[in-house]
Every structure is written in structure tokens, then in C-alpha cells.
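This is the structure, below, for whatever I ask next.
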Amino acid sequence: MDKVIKKWFPLFALPTFVAFSIAFLFPFFMGLYLSFCKFKVVTNTTFVWFDNYVKAFTANGDFLNALWFTTKFTIVSVISINIIAFIFAMLLTKSLKGTNVFRTIFFMPNLIGGIVLGYIWSMMINGVLLTWQSTITTDAKYGFWGLVILMNWQMIGYMMIIYISGIQNISPDLLEAAEIDGANGWQKLIHVTLPQIMPSITICLFLTLTNSFRLFDQNYALTAGAPGKQTQMLALDIYTTFYGRVGWQGVGQAKAVIFSILVAAIALTQLYLTRSKEVEN
Amino acid sequence: MKNLKRVIALSMAGCMMAGAMAACNTEGGDTSSKAAVGESSVDTKDVKSIYFLNFKPEIADKYAAIAEQYKKETGIEVKVTTAASGEYEQTLTAEMAKSEPPTIFQINGPVGYSNWAEWCADLKNTDLYNILSDKSLAVTKDDGVYGIPYAVEGYGIIYNDAIMQKYFATSGAKVTSVDEINSFDKLSAVVEDMTAKKADLGIDGVFGSTSLKTGDDWRWQTHLMDLPLYYEFKTDSGSSITSCLNSTELKFTYADNYKKIFDLYTNNSCTEKSLLGGKTVDESMAEFATGKCAMIQNGNWAWGQINGIDGNQVKAEDVKFLPIYTGVDGEEKQGLCIGTENYFAINSKVDAATQKASADFLNWLFTSEYGKKAVKDDLGFIAPFTSFGDNEKPEDPLAKSVLSWMEKDGYKSVEWTFGGIPSENWKKEFGANLLQYVQGQKEWNAVVDEAKSSWTTEREAAATA
Amino acid sequence: MAENDNKLDLTEEEIAALNLDKDDEELEANSKYTGKSVSSEWKNFLDGVEKENEQRKIKEEMDKLKLQKPKGKKMTGKDIFAFIVLVIVAIGFIVPILLVVMNSFKGKLYVSNEPFALPTAESFVGFKNYVEGMEKINFIPAFFTSLFITVFSVALLVLCTSMCAWYITRVKTWYTKIMYLLFACSMIVPFQMVMFPMSYVANVLHLDNMFGILIMYLGFGAGLSVFMFAGFVKSVPLEIEEAAMIDGCGPIRTFFTIDFPIMRPSAITVAILNAMWIWNDYLLPTLVLSNDRTLPMAIQYLRGGYGSIDMSQMMAMLVLTIIPIIIFYFSCQKYIIKGVVAGAVKG
């Protein structure tokens, strides 16, 4: 059958691949080239070898600070989102009233776009902090936790649904067998449930990891990096580099390349690790 | 299938090569003209359209009618696109790379010019430059003119006269009329007395919030900073902007003066210091408009944020300007801060005929009857051109106040020296430091030191760009 | 486990009778595929497909039951506690949205001063913010631009990427493997990397209009969509496809009559996920479009120069932006949950 379909490449795969090349591959390689150039407008560049990469790290501590902040944020978010989503998933796969309503409500935050969300939450958090006479910019800690809460709000519903499906696909026989063997709730969780939902865990970890690391809109709208640049994440740092100083767009592009490599490395590592733990049925 | 494999491999390689080549120096079809606009007599009859990238979103729709009228009169289509607020640089960068770039665009002064120098045509022979009332205002390099200012603006301390009159009527008032406030000492005496009597005056504080939210702190890191910069860099010959531009270091000799006025603002504000990081300009203007405060630092553009807002309690005749006093010698004769950040530039990379057509449009806008009326009523510019008579200037109270201060005998306006600040980064860092200072997280000396060292760093970075 | 369930229930002889390993010439020579014999083979095939569909329907019903709670079970104390916790959290989840709606009915000055207060007689301004906001940013054209772009991008995406994913999964050559890897990796790359070049590319290829942007969205969204479809394609049994093809269905017919209907849930998921993203997207249209404006772009024009912004109008416009997507979500809710489930787990 392979041979029969193979000829049909132009119809089936080519349109998508062409669009993909135009919209993604081509700009990606161009961006890669630009990271080695100095430019103000993309049609007017001068090749400067690794100058931009050196500047990215040495110009000021911003890139590394942003890296550190982003890493902290990602670790905390990934753990909190997945644990909370899993707990909710466990709760909503029992016989509670109104399960469907809950599921809808938890999924809704996902429907609202990035910048809008940041403004709404900025308003809310400042309103709450008002009682302590401070704002989200008073301390980098507020900004950090504000971002974490925001991320959780948006992602928990989505992850929860994936976990629910994973839990519902566990064969009840396995759980029964474990009970018969004398396992209590906790042991059932660790030895039966978790291994069985490994595919869900893979996907959820992947999504939360990449989304947290690449966060931009909400960061910009919530704190814009304040106070100073302490709550600036990597994507925002790249954006600031693009427009902060004359002629530093190349450095921003170099930072973006490093950023891409980092995210890819982390995501692929995670996929490899968790995929290998997936139990074959 | 070998063929297919080859095709795919080749196209991917082609992709990459094309990507590299496209990003290389493209000369963009040599239609660019380095000659000054209007130098040689160029025929514009074949020009079909010109493209203007507008900076101000609030008047975007007004340009549509203007463009239509121009098309009626000359047949040339004026395409006007407006960048969203705060995104002008981004939009301009993207548009310039396109096959039909803007022919008229805006630069914010000498620093903006250094960014776009390659794209700025020499305008010294244009009619528009000839009618510029004060030629020193233009952006120049060597003997070429590259940016022509089109709207003069001014800022200072806007005050609500109704509340001031109430204050003067209280017992023990430090002065009996606003004219007596002509120095920092008098200003601070009045302000502090008003703070003590704020309950009687019905206000929450004398000054509106010193908005220090990121992106809304330009009133302090740029406008207020103008005063120390002006006094440090002013010279008897030439503009202070040029000497500021050429400086590689900032001595910040007037740092204490800055601290004085800044502390005055934040100590007598209607908002607690710890909350200033969340305040925006818009919220501060709202405080002024609802009568919660008596004074606020801003410019004549702010009229739109006072007038016509629901709950506005400030009358037009009560809104006036006071200069920003900082305790410098001779400030009794200091006026408002008057200048511009709005300069028209014409794209030197389009063909000569289009350049001339663009210059003609601008000239028409500021000399024809229709154009002048539109500028005065719809666009609201105080246009610095000799073609405008006295009765052809905007009539809102703040514009009127700016004009009257500009014309006061014996008074010297403060130039917009901040046009020489090295980069956006310097401003952002200074603003962030101010926020930390006001929140008690940084000492003033540290703020001053960092401002100085950042100045040097940014200037060097800009020089090597 | 799922694969086994989908095998046709044919006996050994019947399988042999299908002559799956003989090639075309042999079969022709055998003349088993002429006249009456064809129709009986075809009938067997159809019977098999029918059985397949029945089994599938039964499985769907069972899934549906699983998603519903078993009726008539009493709630224990622990359950009640869990229920209360969920209610509190659910309220917390809705509060931000309610805030936006509430503030959209207040006057501008009151939004900044007292964001949490309910509209009072003083601050309530009815629908003024909606009307004025809509006029200011030219809402209706922007709305239809957004609608057009979202609907057609999604349609294009679902159509093209499903075909592409099917091709990549069925045809195993070095270049399809690379394509799959590229698609997967594109989901990781941050947008800043391609921001600058994308605008230039779109302009050079004259894609900077409402039709060109559909291609840009197809390309940019292909990564996730192909990835999800590819996972689901693997669960469509090869046997059915092969049987159809042997009987003379070309790949197109095979795909559209057999695979596409089976992949419907996944298609709906991809449609919904992409719709959510494209409707709210701000950066891509800003960089690509020259003359048109989408809704998120139009909303940014509520900000004037020098920091003037009408927050109450912005809140009103946000509500108007959220409403369509919420309506879409509620009407497809059933499919979303099923589809997210199917696509994600098998992906």
C-alpha cells in the first residue's frame, strides 16, 4: 500500500509542507542567519560572526538573570499545575454531582488570550495587595507568585482533562487485583494508577514545560519585568533587547536562538525520559 | 521515487540558501536618491501614492478626511497607517523591510535619527523647511536637515485654579496668588501648607500619583529629568540637545534639585508611596479630573484626558500651567518645558519623484487653508511654522497656556534636552531605580551613581551600533 | 489493546480468500474478481465494515457512560468535602471573568479607582462603553476579519494537516520521518525567533493580506495539528484501508470515505484548539497584515498616545471578544473533552 500512496505526495503532504516552509522553516533559518548579523531592518545586514552571542552573555547580567528566573518559574509551575490538575482529575472521576459543570468551568480560562489575562490579573492582584499598601511591583516575590498563580489558572483545566482521560482508561481489573492483594489507597495510587497514566503525564509535562518556559504575553502584561528587571523572563528579555538599544536586534536574535536550543533540549529530554516509562498495554 | 527525494532535498537546501541570501545586503533596486529633496526639479506627475506612517493613534481617523481632500485636489493617494500606541518603532522596522515602505515617517529627535539615518532624506531645500519658524529646532547633521518638527508641545505643572483660589482664601495662606509662586522654595511652602489643609480643601493630596508603573513612568525618567539635563548641558551657543548628545558622561550636577522636586511630588501625593508602582498615567489624570488633587505634572496633550470624561469636575477656565521649579538659580525667569519629539522624515530610499510628492503633501498640510484648519482643529498641533497666524493655533486651555508662557517677555523656556539621552534602556533603568527609591529599596546615592554609569555604558553601546 | 479490538472478525479461510498477498496480475489471471465473485467479496468486506462500525458505536457508548457519573450512588463525607473544595475553587476560577464583565459597565474613572466595587448608580453607565468602544476601534469590520481568518484557517488546517499526517504515518520513508520530526520540533520554538523574518517573508511573497495570512496560519499551526492527527491516524486499522484500496479506491477516496469519518473527534479537537489560538492571536496578524485588522489588533487601538487609555471601554471590548469563543466552546463542549482526550493520549 505504501507504494500506491507514495505517488500522492504532492496532493497530500505538499500543501502543508509548503505552507510550513514558508511560515516557519524559512523564517527560522533566516532568523538563524540573522543571529550572526548586525541589522536594523532585515534587508540590510552585516555579518559579524559570533559577536552577538558574546554580547548576549556579557553585555549585562540580564540574560542570565532572566534564565534563572524563568527556570525557577518553570519548575514551580510545572510541579504545581500537574499536581493540582491530577488531584482535581482524581476528584472528578468519582461520583460527585455536577462533574460536567466543574470540568467546563476549569477549562474556560484557557479560552482567554494572553495579554488580556495579564491585565485582568494585574488589576486583581494590585487590588488585593492594596490592603497591605503594596503593589505587585513592590517585591519581585509578588511578581513571581502572581505569574505562578496566573499560569496555574490558565493551564490547570486543560491538564486536568488529559489526566481524567488517562485515569478513566485504567482497567478496573487492575485496581481490583491490587485491592485483593491488600493494597491501600496510597499504594494503589503509586503502583497502579501512576504507571498506567504515564502517557498523560508525558503530554502534560511536555505542554506545561514548554508553555512555562516560553511565556511572554502574561509576563509583559502582569509585571513587564518590574521591579527593575527582576521579574523578566527570557522571552521578555529577548523582546526588550530587540527594541531597547539601537542596532542590537542581532543580539536579540542570538538570544532567541540560544533560547530555542534550551527549550528544545529540555523538552526532548523530558519526552525521552517519560516515554521510556510508559507501560505498554 | 529517487526523483522525489532529490526534489525535496534540493528544495530544503534551497530554502536555507535563500534564507541566507535574502538576509544579505540587498540594494533594493537602486531607486533611492541621496540628493536633497527638491534639489533638482523633479516631475511628480507620475506619482500615484505616498505612504505616511502615523505615530499618534488618537488622531488616526482625522487623517482619513485629510487624505481624501488631498486626493481630490491633486489626485495623489495618501495612504495613512497608524501604529498602535508604543509600537511605532516595531511597526516602522517591519514596514521598512517591505516592498512599499513608508515615504513619510516620524523620528523622535537626534537619537531616532541616528537609528534611521540611512533612510532620512535631506530636506533643506523643501518649502516645509523654509517656513519653519525656528530653524534650530530641526534635526540636522553637518549641513543637512533630516527631521522637521511638526508639533510643538509643552509640559509643566498643571494646576486646578479653583482649588488654588480656595487655598488662597484660607487663613495663613503662604501666598495670595499663583503669580507669586516663582521658585521652588515658594512652591514647596505652598504645597506643604496645602497638604496640611487638605481636608479643608477637599482633596486627597496636592499632587496626583507619581505613576511609576513600567511603561507609564516617562513623566519622571524623561520629562522631569529634562530639567537637570537642561541646566547641566545648556550652552550659550547652540542647543542643549546637541551638547547633551555629544556627552559621554553625565555629571548629574543637579541631582539634588531632581530629588527635591521628586520628593515634593511623592510626599504630597494623593497616593501612598508604596502604591506608586501600580499607578498609570491615565489613573493619575483621572485623579486630577475628579478633583482629588490640585496639581499634576503633564503636558498640553493631556487636555483630552481631562475634558469630556464622565465625572470630570474641572472647568476649562481653571486649568493652567506652572513651570516646574527645582531650586536652580535664576528660575524666577524660567518658563515651561517646550519642545518636540515629533519630527517628519522622508524616506530617502524611494525614488526622487515620490520623495518630492511626499514633501509637497506636508507643505500643503501646513500652508493651505484646508490643511491649516485641519491641523488646528482636528489634529490639534501647535505647528511651528510661519504660515500660521496667531488665530490659527489650537484653542484648548492647555495649548493656550503653553503659548502664553512661550511668549512671556523675559522668560526662558526649558528645551527638551532629553532628546540627547543615549537610549531607551537608560530611561527604563532610571525609571526602575526611581521606583525602587520611592519604595525604600534603594538609596538616592545609588540611583544617582547608576544613572551616571549607565549613561556611559549606553553611550558607548550606541556608538558601536 | 485498542489495536486488537479493531481487527475484523474473519476466519482464516476468509482471509486467505481475500488474497492479500497476491499481486494484481495474479489476481486478474485468477478471475476471482469478476462478475459474481466480486460482489461476494465486496459483500464480505462490507459486512466486515458494518461489524466494525457497530463495535465502534458500542465502544463510543461505553466511553460516554464512563464520562458520566454512575447514577444513584450516595456521597460520603469525604465526597462532600471534596465537593465543597471544588465549588470554592470553581468560584475562584470564574471571578476574573466576572470582574471584566462587571467593570465593563462602569464609567472609566471608576474602573481604575475601585476595580472590585459593583456598579453603583453613580458608576453604572449602561452599554455606553460597548457602543463607544465599538465605534472607536471599528469593531464590526475587525470582527468579521477575525471571523474570516479563524474559520478559514481552521478549515484549511484541518483539511491539509489531516491529509499530511495520514501520508506521513502510512508512508514510511526517510523524508516523512524527517517531516514528522520537524513538525514536532516546531511546537517548541518560541515566537521571538521568527518574528522579524516572518514579516519580511510575508511581504515578499505578497501574503500580507487576508488570504495570504491563511497560508501563514496553516504553516505555523501545522506543527501541533500534524502531531495530533498523526497520533490518531495510527489507531485507524490498516486492514480496512488496504481492503478498500485493493478494491480500487484511490488514496483520495480511501482517505475521505474511511479515515476522515473515523478521525472526526480528533479533527474537532484540532479545529477547536486552533480556533482558540487564532481568534486570540495578536502578534502574527500584527506582523503580517498590512491593511486589515483583527479584533485583538483593533483592541490595542484603544490606547492613545501619552498613556491615555479607557479601561472601561477595554473591558467592554474584551467581553465582546470572549463571547464568540465561549459560545463556540459550549456548543462543542462534548467533542472538546472527547477530542482532547483522544488526541492527547494517542499523540
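Every chain is named by a letter (A, B and C) in the order it is written, and numbering of its residues begins at 1.
Going forward, a contact is a pair of C-beta atoms (placed from the backbone, for glycine too) under 8 Å apart; a residue touches a chain by one contact, two chains touch by 3 or more.
None of the values given here were measured: they were computed from a predicted structure.
Of all chains shown, the one whose average CA position lies nearest the global CA mean is A. Highest inter-chain contact count (C-beta pairs) belongs to A-C.
Look at where the CA atoms of chain B average out and do the same for chain C: the two points lie 45 Å apart. Chain A and chain C, compared by their mean Cα positions, are separated by 19 Å.
One finds 38 Å separating the Cα centroids of chain A and chain B. Under the contact definition stated at the top, the residues of chain A that touch 2 or more other chains are 6, 9, 21, 25-27, 30, 34, 42-43, 249. The set of chain B residues that touch two or more partner chains comprises 1, 19, 22-23, 93, 97, 215.
Across the assembly, chain C contributes residues 173, 196-197, 200 that each touch 2 or more other chains. Chain contact summary for the complex, chain C toward chain A: residues 1, 66-67, 69-70, 73, 75, 79, 82-83, 85-86, 89-90, 93-97, 99-100, 115-116, 160-161, 163-164, 166-168, 170-173, 176, 179, 182-183, 185-198, 200-201, 205, 207, 215-220, 222-223, 226, 238, 241-242, 245, 251-252, 255, 276, 279-282, 296, 314, 318, 321-322, 325-326, 329-330, 333, 336-337, 340-342, 344-345, 347. Across the complex, chain B is touched by residues 107-110, 112-113, 125, 173-175, 196-197, 199-200, 203-204, 208, 286-287, 290-291, 297, 300-301, 303-309, 311 of chain C. Residues of chain A that touch chain C in their complex: 1-2, 4-6, 8-9, 11-13, 15-28, 30-31, 34, 42-43, 88, 91-92, 94-97, 99, 101-117, 119-121, 123-124, 127, 153, 157-158, 161-162, 164-166, 168-169, 199-200, 203, 210, 214, 216-217, 235, 238-239, 242, 249, 252-253, 256-257, 259-260, 263-264, 267, 281.
By the touch criterion stated above, chain B contacts chain C in their complex at residues 1, 5, 8, 19, 22-23, 55-58, 60, 81-82, 84-87, 91, 93-94, 97-99, 211, 215-216, 218, 280-283, 285-286, 289-290, 299, 301-302, 304-305, 309-311. Remark: chain A residues 6, 9, 21, 25-27, 29-30, 32-34, 37-46, 59, 122, 126, 130, 133-138, 223-229, 240, 243-249 touch chain B in the complex.
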